[in-house]
Structures are given as C-alpha cells and as structure tokens.
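Which chain is which? They are A, B, C, D, E and F, in the order written, and residues in each are numbered from 1.
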Amino acid sequence: MSTIVTFGEAMIRLSPPGFRRLEQATSLDMTAGGAELNVAVALARLGHDAAWVSRLPDNPLGRLCRNRARELGVNTSHVVWSPSDRMGVYFLEFGAAPRASSVLYDRAASAISRISVGEVDWPAVLDGARWFHTSGITPALSGSASAVTAEAVSAAAASGCTVSYDLNYRARLWTEQRAREVQVPLLEKVNVLFTTEEDTKRVLGITGDGYQQVAEKLVERFGFEAVIITLREDLSVWKNRWSALLYTGGRHYAGPTYEVEIVDRVGAGDSCSAGYMHKVLSGAGPQESVDFGVAYSALKHTIPGDFNLATAEEAERLLSGGGLRIAR
Amino acid sequence: MSTIVTFGEAMIRLSPPGFRRLEQATSLDMTAGGAELNVAVALARLGHDAAWVSRLPDNPLGRLCRNRARELGVNTSHVVWSPSDRMGVYFLEFGAAPRASSVLYDRAASAISRISVGEVDWPAVLDGARWFHTSGITPALSGSASAVTAEAVSAAAASGCTVSYDLNYRARLWTEQRAREVQVPLLEKVNVLFTTEEDTKRVLGITGDGYQQVAEKLVERFGFEAVIITLREDLSVWKNRWSALLYTGGRHYAGPTYEVEIVDRVGAGDSCSAGYMHKVLSGAGPQESVDFGVAYSALKHTIPGDFNLATAEEAERLLSGGGLRIAR
Amino acid sequence: MSTIVTFGEAMIRLSPPGFRRLEQATSLDMTAGGAELNVAVALARLGHDAAWVSRLPDNPLGRLCRNRARELGVNTSHVVWSPSDRMGVYFLEFGAAPRASSVLYDRAASAISRISVGEVDWPAVLDGARWFHTSGITPALSGSASAVTAEAVSAAAASGCTVSYDLNYRARLWTEQRAREVQVPLLEKVNVLFTTEEDTKRVLGITGDGYQQVAEKLVERFGFEAVIITLREDLSVWKNRWSALLYTGGRHYAGPTYEVEIVDRVGAGDSCSAGYMHKVLSGAGPQESVDFGVAYSALKHTIPGDFNLATAEEAERLLSGGGLRIAR
Amino acid sequence: MSTIVTFGEAMIRLSPPGFRRLEQATSLDMTAGGAELNVAVALARLGHDAAWVSRLPDNPLGRLCRNRARELGVNTSHVVWSPSDRMGVYFLEFGAAPRASSVLYDRAASAISRISVGEVDWPAVLDGARWFHTSGITPALSGSASAVTAEAVSAAAASGCTVSYDLNYRARLWTEQRAREVQVPLLEKVNVLFTTEEDTKRVLGITGDGYQQVAEKLVERFGFEAVIITLREDLSVWKNRWSALLYTGGRHYAGPTYEVEIVDRVGAGDSCSAGYMHKVLSGAGPQESVDFGVAYSALKHTIPGDFNLATAEEAERLLSGGGLRIAR
Amino acid sequence: MSTIVTFGEAMIRLSPPGFRRLEQATSLDMTAGGAELNVAVALARLGHDAAWVSRLPDNPLGRLCRNRARELGVNTSHVVWSPSDRMGVYFLEFGAAPRASSVLYDRAASAISRISVGEVDWPAVLDGARWFHTSGITPALSGSASAVTAEAVSAAAASGCTVSYDLNYRARLWTEQRAREVQVPLLEKVNVLFTTEEDTKRVLGITGDGYQQVAEKLVERFGFEAVIITLREDLSVWKNRWSALLYTGGRHYAGPTYEVEIVDRVGAGDSCSAGYMHKVLSGAGPQESVDFGVAYSALKHTIPGDFNLATAEEAERLLSGGGLRIAR
Amino acid sequence: MSTIVTFGEAMIRLSPPGFRRLEQATSLDMTAGGAELNVAVALARLGHDAAWVSRLPDNPLGRLCRNRARELGVNTSHVVWSPSDRMGVYFLEFGAAPRASSVLYDRAASAISRISVGEVDWPAVLDGARWFHTSGITPALSGSASAVTAEAVSAAAASGCTVSYDLNYRARLWTEQRAREVQVPLLEKVNVLFTTEEDTKRVLGITGDGYQQVAEKLVERFGFEAVIITLREDLSVWKNRWSALLYTGGRHYAGPTYEVEIVDRVGAGDSCSAGYMHKVLSGAGPQESVDFGVAYSALKHTIPGDFNLATAEEAERLLSGGGLRIAR
C-alpha cells in the first residue's frame, strides 16, 4: 500500500562515456530509467511511499531494473513479471554544441508493450493511494499498453486519487494525430497536467500568446486543477536555463530560473513533477510547490543517470540562495 | 570480388567487466561478432580476400558492426542495409568454476532475420569466389533467413565453390527436429562440415564409438569431402583442453592438443574452421591444415572479443614449440 | 514484519582493481557488505522476507549502504540512523599466490559501535519472525554493541525464533579470551551454529579428532540443534576447494565439494549459512539443506562483492551436475 | 582505384583521460590520426572512395593504424610497409582555461620519414583519381619525405587531379624559412589551398588587411582556384567560435559561424577541408561547399579522436537550423 | 635540511568520477592532499628544497600519502610514524551549477590529531630553513595538534624563519570563537598572512570597506610584513574568476585576473601561497610575486588532484600572454 | 650520498588492460621501469638509501619516470637531464597459455643511449657507496652507453664497492658475440653475478651438468664472490614455479621454491637480486640471503608494474610459512 502509484515503462539505458559516438564506443555505461519510474524514485527519495507498476521480463535485465528502483526505495511489489519478453533498451549519446545529445531507441516488443487489461489488479494496487501518475509514453507503446493506461486512469479516478499526467510526446512512437485521439479521453479524467508548450501544441493543437494563455486554455478545455509548464532555454548543450510555470486556482505562479551546467538532463522534467507533487502532498501552497519542483529538478541536471539523487535539503538550500562554493 | 564469402548474423556483444553479473554491472564492454563474420575476419587476417554477407540496420549499431568487420580487413560491400530493423544483441557474462559463462540473447526481429530471397545477388557476390561458408545459426534465425541460406548454398554449389558448414546448434533458436528438417537438405550440398560430437548427435542423431566413427558416419551419410570435429575438455572455466580431428580422403588426422588459459573462448570454433580453410586454400595437406586450425584457435582463447587477433606467424611458432616466456 | 532478521555491521568496502596494492592504487572499487547483511541479502534473493538491523550514519555513505541492501530486496526499515557517527570502512587487496588477499580495517568508532541498549525495539522488529541471525563480529565491536547483541539474542529466543550464530572470530577486534567470555553466554541461547574448525578452537577451545568430533562436542556442550562447519582448502589464492559438514539430530551430513576459481571469496561463509537457512525454512531435510548451502556458496566465490548474486536455480543446476560450458 | 588520394603521416595518439597531466597519468587513451588520414577518413565517411598513402612499420602499432583507417572505410591498399621502422607517437594533454591543450611529439625516425622516391607507384595509385591532397606536415618530416611529396604532387598534377594542400605549419618540425623554400615550388602546382591567416603569414610572409585580402594575395601569387581560410576564436579552452572563408572565382563566400563546445578539436581543420571537397566533388557551388565544410567540422569539435564520426545528415541538419534538444 | 618547512595534515581523498554522487558511485578516484602538503609540493616543483612535517600511520594508506609527497620531490624524512592510528579521509563530490562541489570529512582520530608536543624535534627540522608555513586547519584538529602548532610557530620564529600562515577556516572543525582564541596568539608571531575576506571576517572579526582596507587593518593589528587576499568569483561551478591582492610595505599590489575553467579547484589557494613564496624566496619584488602566485594557481584549477603539476615555465608563459591554442 | 648505486635505462611501459592485444587496445596502462631502477626501488623499499643513475629527457615523460622512482624512495639526484632526447618506450602484452606475454620495444635513440663518458661524475656519485649494480642491458644500448658502463664499473671497483651485474641478455639489442666481447672485460671487475642458465650459455658459452656446475664454472672463470642463478618453470602463462640457487664461498645454497600465480612477472629477477643484496648488506648469511631474495621476488609476480611493492615483513612471513587465507 503506497501513497503514490506511477505506471509506465523503464528501459535499460546504455551510453558511451567521454562524449564518444556510439559507433566508436568500446564500452557503455548502463543505468535504468523511464519517465514514471523517475517520478516514483524522486518521491521515494523525498520521503514518500511510492510504488511503480510496470511489466518486466524475468531475466537479469528485468531484475536489474527492478533492483535499481528498489535501491532508491521504490515499492516494486506490483510489477508484473513476464517469463519471456524483452527489456526495452535505449542508447544515449551525450553531445556538445552544436551537436545535440541523441537517443537511439530499441524498445519494440518490450515486456510492457505486451501488458494486457486485467493483468494488474488496479483496485488492489491503488488501495490507500492518494496520487496516481502516468505519462504520454505509456499509451504510445502499444494498443494493449494504451488500454491498460485507460484502465489505470479510470481506476485511479474512481478511487479518489489525484491523477496527474505528463504529456511527454514521443514522435518516434506515434503520430500527433494518434496521440491526440488516444489521450484526449484520458485527459478528461486527469487533475494535474505536466507539459511543455511544444508538446501541448503538437498533441492538443493548443497554442496561445505566451505560456500563461496556453495554461489557461488547457484548464478551460479539460478542467485541470493545475497545469505545470516547464521552460528550457538551450544556451548551449552544456548550459541551459530552466524554470517552470504553474497555473492553478485561476492564478499563475512562476518558479525560479536557474542556469544549469548539464551533466545529464534526462529525467529533469520528471524531477520537476515529483518535486511539485511532493510539496502538494505535504500540504504546501502553489508557490512553494512550483519553486521546489524547479529547484529540485535544476539539481537533477547535474547528476548522471535518469534518477535524481539530490536531497530535499539540497533543494531547500538552493531556494534559500546557497552558493556555489565547496562547503567545508 | 572475394575469394571467400561467408553469410550470417553478427550481433552487438555486451559483457560486464571483471566477472560481474549482469545484474550488478554499471558498464558493459561492447564488441561485435558472429560465427560467420568471425570466420571471415580470421581469413582476412590470414591474408585472404574475404567477404561477409549480412543484413544490417542503417543506424549507429549497424554501422559499428560493419566498421569492426572492415577494421580487420573484411569486405563488407555486399551487406544489405535495412532502413528500419534492429541489431541483434547478446549479453555475455564471464564465469569462473563452478559458474559457467552464460549468454542472454536479445536477437529477435534483427535485420538479418527479415532478409528475403532475392535481396542478395548471390551470383554476383560469388563471382570469383572459391569458398562459401555458413553455419546452422543462419537458417535458425527465421523462415526467410532459412530460405536465403538455401538460396546461397545452392548458388555457391552451382558456382563451383567449396561449401563449408558449421553445424552450430543453438537450442534457443529452434528444436532439434526443426534443425534436422531444415539442414539435412542443405548438408547434401555441403563439401566440408565443421561440428562437435554433441551437435552431430542432437541435430543429425548420428553417434558412434568415438569421434572417428562419428566422422566416418557423417561422410557416409552426406558424402562430405572433409569433416572436422573440435574437441573441448572443460578442466575448469578458466582452463580447457582443446583439439580437433579431421577425417578426409578416408583417413583420420588428429590435431595437437593445447591446455588453454581462457580469456575469451567465444569464436574459438570459428577460428579453427578459418585456420583449416586458410591452409587448404593455400594448398597445404590435411595434417598441416588441421594442425594450423587447432593452433590458431588455441590462441583465440587468449584474446578478448569474438575475433582472433593472433597472426599466422604466432600460430606457426606455437606449432614449432615456441615457449611461454616473454620474448625480449 | 520479516520472516528473518539479522543484526550486525556493514562497512564500505574499497578495493584496488587489477590486483594492485593499496599503495599503488589510483582508484578503488566501492561496494558495501558485512557478515549479517550478506546473510540477509542472500535470503532475500532466495525469495524470503529478510530484514537487516544495524545503525548507520545519516550521510551519503550510510545511505549508500542502506540503498545497496534495499537494491537486493532487504527490508531496511529497522535500521537506526545516527546524525553524526561514521561508517566503518575496510580496504581489501586481492592477492595471488603466494600473496594472500589482505584487509586493512578502518572501523573504529563506527555508528553501530555506538549503538545502545533500548535503541532497537526488538520485540517489534521480531514480531512475526521465524529466524534470527547474528555473528561473533557484532559483540566484538564495542561494549554497547555486545550488550545490544545480548539483548537481541534474548529477545529472539524469547519470541520463539530459531537463533543462529556464526562464530566469525576477528582477532583484530578482540582477544580469544574476551571472545570466549562474551560469547559463551550468548551461545547458550543459540539453536544453530555456523563455524570453522579454527574458530571453534580459538574461541571455545574445542578441538577433536576430525570435524565430526568437533561438531559433536559443540552440540554436547551447548545443546545446538545443528552445527555447520565450512571447509576450505587453499590450493592457491585463485583456486580453493570448498565444502561444509552438518551435524544435526545425531547424524552427520557431508555437503558436496567444489573446486572454485576465486573472483571474490568474501561472504562465501555467509552464503553457505543463508543457503542452509533457506532450505530449512522451506522445509527441506538436512542433506538437501547442507548441499544447497555449499552449492550456493561455491557460486559466491565467482561473484565480485560481498553479496551473492547467484540465483536459486543456478545452485540447483550446479547440484544436478550442470557443466562448465556456455549455455546457448 | 580511389577517387581521392591523400598522402601523409599518421601517428599513434596517446592522451591522459580526465584532464590529467601526462606526468600524473596512469593510463592513456589511444587512437590514431594524422592530417591527411583525417581528410581521407572524413571523405570515406561522406561516401567517397578515398585512399590514404603512407609508410607504416609492420608491427602491431602500424597495423593498428592501418586498421583504424580501414574501420572507417579508407582504402589502405597503397600503404608501404616497412619491416623495421617505428610509428610516430604523440602525447596530447587536454587543457582548460587558462591552460591550453598541449602536445608532446615523439615522431622522429618514423617509418614515413624514411620513405624514398620510387617506393610509391604514384601513377598507379592515382589512376582514376580526381583529387589529390596533402599538407605541409609531410614535406617537413624529412628530406626524403619532402622529395616524395614533390614526386606525388607532380604526379597528381600530371594526372589531371585537383591538387589541394593544407599549409599546416609545424614549428617543431622545421623553420619558417625552410618551410618556405620547400613549399613555394609545391604550391605552384596546387589548385586549392587550405590555410589559416597565421600560417600564411609565417610560411609565405603574406599578410593583408583582413582575411579577404590575404586570400586575394594568395590567389594572385600562386594562381589557386580556391583558397579556404579557417577562423578560430578561442573564447576559452572549452568554447571556441569557428568559421571559414572561401575565395574562388574572384568572389568571397563566408561560411556560417558556430560556437562549439570542445570535446576534441584535433582534426577540425581537416574536417573542414574534407567537407568542402565532398561538396565540390558532388558538384555543389562555392557557398554550399564552404557552408558544409564549416558545419561538418564544427561537429568534429564534439567528437573524441582525430576522426570525424559525424554524418553528412547531421551536418545538413545543423545547416538547416537543427536545435540543441535531445531528439526523441 | 630544507629551505622551506610546512606542517599539517594530509588526507586520503576519494572522489566519484564523472560527477557522480557518492551514493551512486561504484568506484572512487584516490589521491592524497592537504593544505600544507600542497604548499610543499608546489615549492618542490618550483625548484625549492621543501620539507613537510606530519604524523602518519604506518600502514599502506600512510605510506601512500608519504609516497605521493615524495613523488613530487617533497622531503618527508621528518614525518612522524604512528604504529596504530588512522589516516584521515575525505570524500569529494564534483558539482555542476547549481550544485556546488561538496566534501564529506572522515578525519576524526587521525594520526596527526594525536601528535604530541615534543614528538617533532623542531630545532633540528628547522635547521637551515628560511621559511615556515602552516595553516588554520592544523590547530583545529585537536588540542594536542594546536599545542604542536604553537610549538612549531615559536620555534620557527625563534630560528629566524619567515613564518607564513593561511587562515583557512574550517567550520566543521571548530567554532569561530575557538578559532579566534587559539589563533590570535599564533598570528602575533606570523610574518605573512594568506587569507580571504570571508575567513578574516569570521575568525578575526575584521571587516572593511573593500579588500584593501581589510588588509590594512590586518597589518595594523598584527604587524604582518605582507597580507595576501585571494579573490574568487563563482561565475558558475565550472567557471570562476580568480585573482589576489597583496599588501606589503604600505602599498597594494593587484595580481592579474583569470577566468578559469574548473577541473579541480581544491588546492588553488595553496598554490597561490606557494607561487608567492617562490618568488619572494627568489628575490623578486612584490608585484612579480603576487602576479606569479595568481598565474600559477590559476593553472592549478585545471589539474586533477590537490597538487599543482603546472611548471614555472607555464606560469611565466601565461603571464606573458600565452594563448589558448594547442602548441605544435 | 647513497649506500647503493645502480645505473641503467628506465622506460615508459605501456600495456593494454584485460589481456587485449595491442592492435585492439583503446587505452594503455602506463608505468615506468627498468632492470637497474627496479633494483634500486626494491632496495629503497627494503630500507636502504639507494640511488639510481640514468639520463632522462627533460620533458613530462622523463619527469614522470624520475617521479615514480622518487615516489618509492629512490635518490634521483644524480640523473643527467637531456634537453632534447626521447624516453624509451615499451609495449607489453599480457598473454595466457598458449600465448606468451610479449614485448614491443621502441627504445632506439633514448636519452640514455646518448650518454657520454664524463657526463656522470662517478667518484662523486659513488662517494660513500657500498654497492654498485648494473646489468647487461646498459652496455647493449649504444657504444657510448657501453663506454659509460665500463667507466662506472671501473670507478665502482676502484672505490671499493661490491660490484654486481645481472647478465640480462637482450637479443633484440645486440648479438651474442657482441655481448660477449663487451661484457667479458666488465665481468672481470664484477663481484656478484645474477644470471640464468640460458643467458650464461648464450653470452658466455658456459654450460654444465646442472645449474651447480654452471655456477662453479662461472666462479672459476671470473672469480666472482657469488653467483645467483634464478630458476623459472613455466607451468603455464598464469602459473610458474620460481626459485634461485646461490654459489658462494665454495658452497651451494638452494632457495625455496614457490608456485606463483602471475599478475606481472616483469622485474621478478631484479627483485630477487635486490632481496639478496638487502640481506647481504644487512649482514645475513648466504642461506638467509638467497631465501629472502626468492621469497621477496616470488611476491613480485603478484604485483602490477615493474616495481615490487611487497614489504620486507611480507617476505619474512612467507618464509615463515604464512598461509593463503585473508588475514582478518
């Protein structure tokens, strides 16, 4: 019984060290991650009881993924084990300006893409939960994954959970049109939306005069309780400007802006979502929640891997103006 | 136009360093290899013009595989490029007694498994070739791969090439029965068979009173010009005893026996085949050919990766009784 | 609520790669481990709900240790957190004949050495537990650690748990005399003893004509339900012979003997204990239990780190005579 | 028979990882490279049939160098093998502001410095070639290397090839005066010159009011069909501004300017030359050619090693304004 | 007999590679360093005969530390060896904006903290010395270390040495009040003070209208011959602005300012001190001395580890305006 | 002023990790070493004041070599610095049976090969020395190195030092005949000879009925005070049998025999020499001296690099029968 439940794919992530291209690599660093798992990890790290639901192959790679989630305190007892399917894998090349970092996916036919309705006992999983979170990657994986996402969202809504959703559009998985058809019905049951201006435009066709208007239109259209839009400015590949805006209760709240030196930006958006959820679940107000989400995820950019190994104290210290000197 | 043509799959090989289990690894060493590619590499290294035919995805992993073949001098100009399929991958854990090394395959739906009859212009590829080689892995990959294997073997036989075949039974790819049904017709066109006593028994049901009788029965049944049976005794995981027997022209020829300290035994059988082919193509007699095959492949056990980076000179020196001291 | 509870120290383990001496190292491999944690990890891996109780500093090293336990499924919710103390550290040099591997301890003043009676709510921790395990390292750490060990053993015995104890004599922590004075009272409450012939002699002064007589004398003296003596023959540093003997119910049961190629022997004894406990808890008989303990711990020698990442299936396969070839 | 032929030295390159000084390194990363080989590699990668001519020792280091060229598709069949000489080696330290990266050469008495006139059958090598390229490093290596450079340039000019030349002044190899004496006669036969403002001034004593005037004077003096001047501004060691200017047919063409984050700038100039040659050989106009050269070489700065593992598609995408986000 | 003698602790330094957090590290890079040792190393490297006095445990870690000092030419013959104590250790995490680098100390009960008055024969050690240097870390280690610091400073002053002192306040070792009480008497005997504006304010309560006034007040209060204040501006974690000011003989001398790309800033202040001392000992004037100190320590930021492996020539070249290009 | 003086070349040693062939390596481990330096290092480590004389280039590689000698306590103040020459380099491939380890030398034109008579002030260097040691590698380097060796041996003999010499025949440096011509006159002044049966036969043409007779003939011919013959039996590449025989004062003394697991056997002979010298210099008798030499050098086989990082205590413990268990 966990307070927070997230649902989605995790993949083995393989990346050449030292900015090497994949073609010239002779070794690869291996971690595991995935949008919804990243959220669960961050929430567990921030002190919550967070469960992650997925479907994994019962082989060393599936176990590795489960172990890494468990290492950081995530409840993995609801994972469905497949006797035969494969883990999705992705290859990540770290770039430098003017070469962006890039990803080669090898995720087809993964165990979770073959999940089927009824395999997860959602009412049992959600028993006692206060928040359910998933993202637009999960229904994009396959028809059955899409059906299970709908099943989960419905069960979560029915159980009284806050349902949050990260739009996370992945053009390599589906078309904008298909993403719209599948997700519009889901979004009707969603309470909190995490998104970017670009994804909103591509998937929902919603644009506006500035981020604030986009958020207002989203709330108008779907009745969300809150919309969080993350803002990233690519000053270079190694340096970004990072912030987020929150629109809730008819008011806008701007988070702080940080210049981040980028060690690994994968999972930053997930950290922002988790930081926001952490504060809301702890009873904090909107400004404090978006502030924490931004600060906590700014720290994520400096940490290798998908997971955010920063602590709540570090994020609070950053918000209080802690400097860049070595603390001794 | 190459003297030797081989046909088969190559995979990306990922292995944890330092005898780590896959579950505990944080990095993986990456190489590429595959039975028929290994043979082509060894022959190119031994001074022959060797081409390897395969089907690869046009992505960094496919190019990596092509590059590594090219690095060691293999002609890759006949590779068929697929705009969309994936590379097969396998994960190799190095063991220590009493834990055997082990392999986790993730090769389903690889580009070569989707090759189709007619995609390779075999007469053009084989133009000028003297020897064609493939193995029991290739037809096991898929129905279409099986059909292309048959197409290739027929074209090679028709073109006057010596056709060699390594039985290489892979239980994870097909059943013994299916392996038999598919391969018996192929073997009818084969001139030289490389095999082990165990594979011969499992795939062809042929057993005998000792290796010699097995070889005799194989020749009797299929009319092979030569049969080479490799012999491995697992003294431990880190030390093996290694040799091979040749039966040709109605006579038996035993290669030398080596105690090998094992750095990486993958590809040793392929090295033995290549070493034998090298000598036969150079006009040597049976004893010299099997001797060289054994010595050259004994050296392979000491070299990381699928490929044999020993030189012909090193194998000759080993056969001449070169010692284990550092040469200075 | 866990079925099995273990109690003891875990340390950060730092070891130079590539057989380097500490003096010449420029990097160190880092893992975590400790006798009782190793037992809990193995039991969790074998499918049991195992908790590990300790006292850790609330800093990155303490969290690292907790995380690594959690990664492999151990329940760490009963760990006591100290706001200020340090982690024990040990430096491990891997040897080669005739240089034995060696250890440099830096464990003084560790958080667990400052644990105090009453800090752990043993009745709550042991609620529902069937087995409690600790070793002779824990009471050797400090006076207060010794007192808490006594407290734990008493509570476990009172709660009806099977109490097991590994003698694990550490000459650098205390004298043989002090070890005897402290542990004899503890052993009176112990049901199952894991030991070696040497430790038995040094700590308890019990010797005999062969291992069997030693075991008989131990049972006679302390009334143990079972005594397991592990047997190690150092053929060289890289190759050992490994087995164990069980004496229970008035009968002797010899486990199988394996020649093991040594990647990392630390934790092998703990694995044997855990393998034995696993089978006993699963209702198996004495022979099957000691056989599994030996096979499972033979595999441990081949795996880097204190933890045994072998699976139950691999141990069973070894017992069934699985060979040393690569499975494909 | 290759479309493009380049001629020059390649060296083994050894560099300490992690910005270490050579004095404190315990391991070195090893690659191979050299100005003219880098050009051949880039052209092969861009789809051309490119041959590289050199002289290498017949030992593992010479073979390593040949292999790495072959890996990326370069035709190495015209390499001359020496039974006894050595490979040149250079040690590269990566810097950070205000410490520039630095190079320690150990290239004296390398195999190519002992090449002699007549050792390469230039008419055969150049048969069918459309472009010949070398640089000011080659004649600087030794008197005989200088003579063979002259031999090659003459043969190329005679065969109707476009002859291109990169001035590449190396102060550690020869004086400015000697560089001038040797190269002025060569430049008379050159069609396309790649250079920097600084090298032009030091070697040829040609200066001007701005880059454009320098280019005009060069054309006036030597009758070049085209002059390409690369422009580098060292904002810091880790960030540079990079561009190039082309003067051809009496007109100036400015390439785009990129701020590049520097992983490894060695070989960037060679990449620019190759990118330009690629487009010219493909029939593109001057603006498109210089644009591509600059974009392709901007990408080189982000890739470890001398070789440019970017693809043509990546350079085109950069020219089309592709951003710095991770493509998913 | 050394010209310069420094006194203080050195620690084993362990840091995760690749910007990893300690919690996620599986290996650590190991070096040794400490403020006063760093000064001795730099002076030895700059050509002086420099001795470092400390107390080390006679175990592999103590020897490692001694060896690394010796490697760079420091006279370690006055080190006191302890048969039983431990080395201090610190764990260093490298950060990226907005996460500062951070340090976890594990230095309690180190061998030097247990040094006692009389253990070092200061008159013998200082025989022939011209300069003695220590810092505010040493007396902070323990009461007895504080007493030995006082003993050393007195002996040095008595022997006619220039006595220099780096305030180096470490809040984790003692309070500001305690630091003041202990150090004010020491500073009365000090000739040259190295400090920062912040440390001066915290320890001595001296503030001013700008750095110059602070320096003037320090001289007024303690009668220092010279005060050097280093200035660091944290533009980001990876880029700092670095300079220093010298006040001596009633005049102010500003060193140059450098933008430094940060590989490792630990030990930069020590390098500045050593660079200044080097020039003063060589008879240079104030401006030249502070200039060299700044330039030499600017280079330190680019070098991994506590020690400055730059050469005097490199610092001179930097001062002469040497650029950021690769020298070839 | 050092008790022991050795003279010879040291080289940078580069070796691929993980048993890789040089051709397939992407990184190389770097150490420094050389026969006479190895002896000095071992003696410094065993507590003696040992100086090593050589000629090194004044560049980062020369300094690295000097630093590594200094790290282990060797007096390097007599090294002659060359402003321009190069360091010798050798590439070492680690083998596995049946592939012997192998060496690729790149040592021509090294700084020491250009040393000239008079460059070293031998009387000053040898002032106070009790022992001088060199080996057959030094005179093999060049004519001038040979002349300086003669100069050194004469000076040492004249100064009353014990002169020891390791025959160390290197077939790649000179012929057997030339080795004989040059060394016979040197050997006339030598007191102690270290050799192997094979080198004795090749260089001096001395053979016998067993090692003992060879030693006797050597003494008869040259009047040596002592002859030490090391004995190595290559059981495999990873396991050797190792011992030594001493003939002195008309009696034979056999050292113990060890089966050694080989991490790195380079420098084992030098360690044996140094261990013997250590005991003789400490006043021990012949049996104790040869025993220690063998034990100390047996340990060397287990340590990476040319240098022996074992301690005297470890060698004594081995001689006393210390086992192969981890000491805890």
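Here is the rule we go by: a residue touches a chain if its C-beta (ideal position, glycine included) is under 8 Å from a C-beta of that chain, and two chains touch if they have at least 3 such contacts.
The structure presented is a predicted model; accordingly, all values stated were derived computationally and were not measured.
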Each chain counted as touching chain A and chain D at once: B, E
Residue-number overlap at the chain A/chain E interface, same or different (half cut): different
Farthest chain (mean CA position) relative to chain A: F
Euclidean distance of C-alpha centroids - chain B vs chain D, Å: 40
Whole-Å gap separating chain B and chain E, where each centre is the average of the chain's CA atoms: 61
Residues of chain D touching at least two other chains: 17, 21, 23, 26, 67
Listing of all chain pairs that touch each other, if any do: A-B, A-C, A-D, A-E, B-C, B-D, B-F, C-E, C-F, D-E, D-F, E-F
Chain B - residues contacting chain F, complex: 17, 239, 258-263, 298-299, 301-305, 307, 309-310, 314, 318, 322-328
Of all residues in chain C, those that touch chain A in their complex: 67-68, 70-73
Contact footprint of chain D on chain A as seen in their complex: 18-21, 23-24, 95-103, 105, 170-172, 232, 234, 236-238, 265-266
Of all residues in chain B, those that touch chain A in their complex: 14, 17, 21-23, 25-31, 59-61, 63-64, 67, 86-87, 89, 91, 93, 104, 106, 108-109
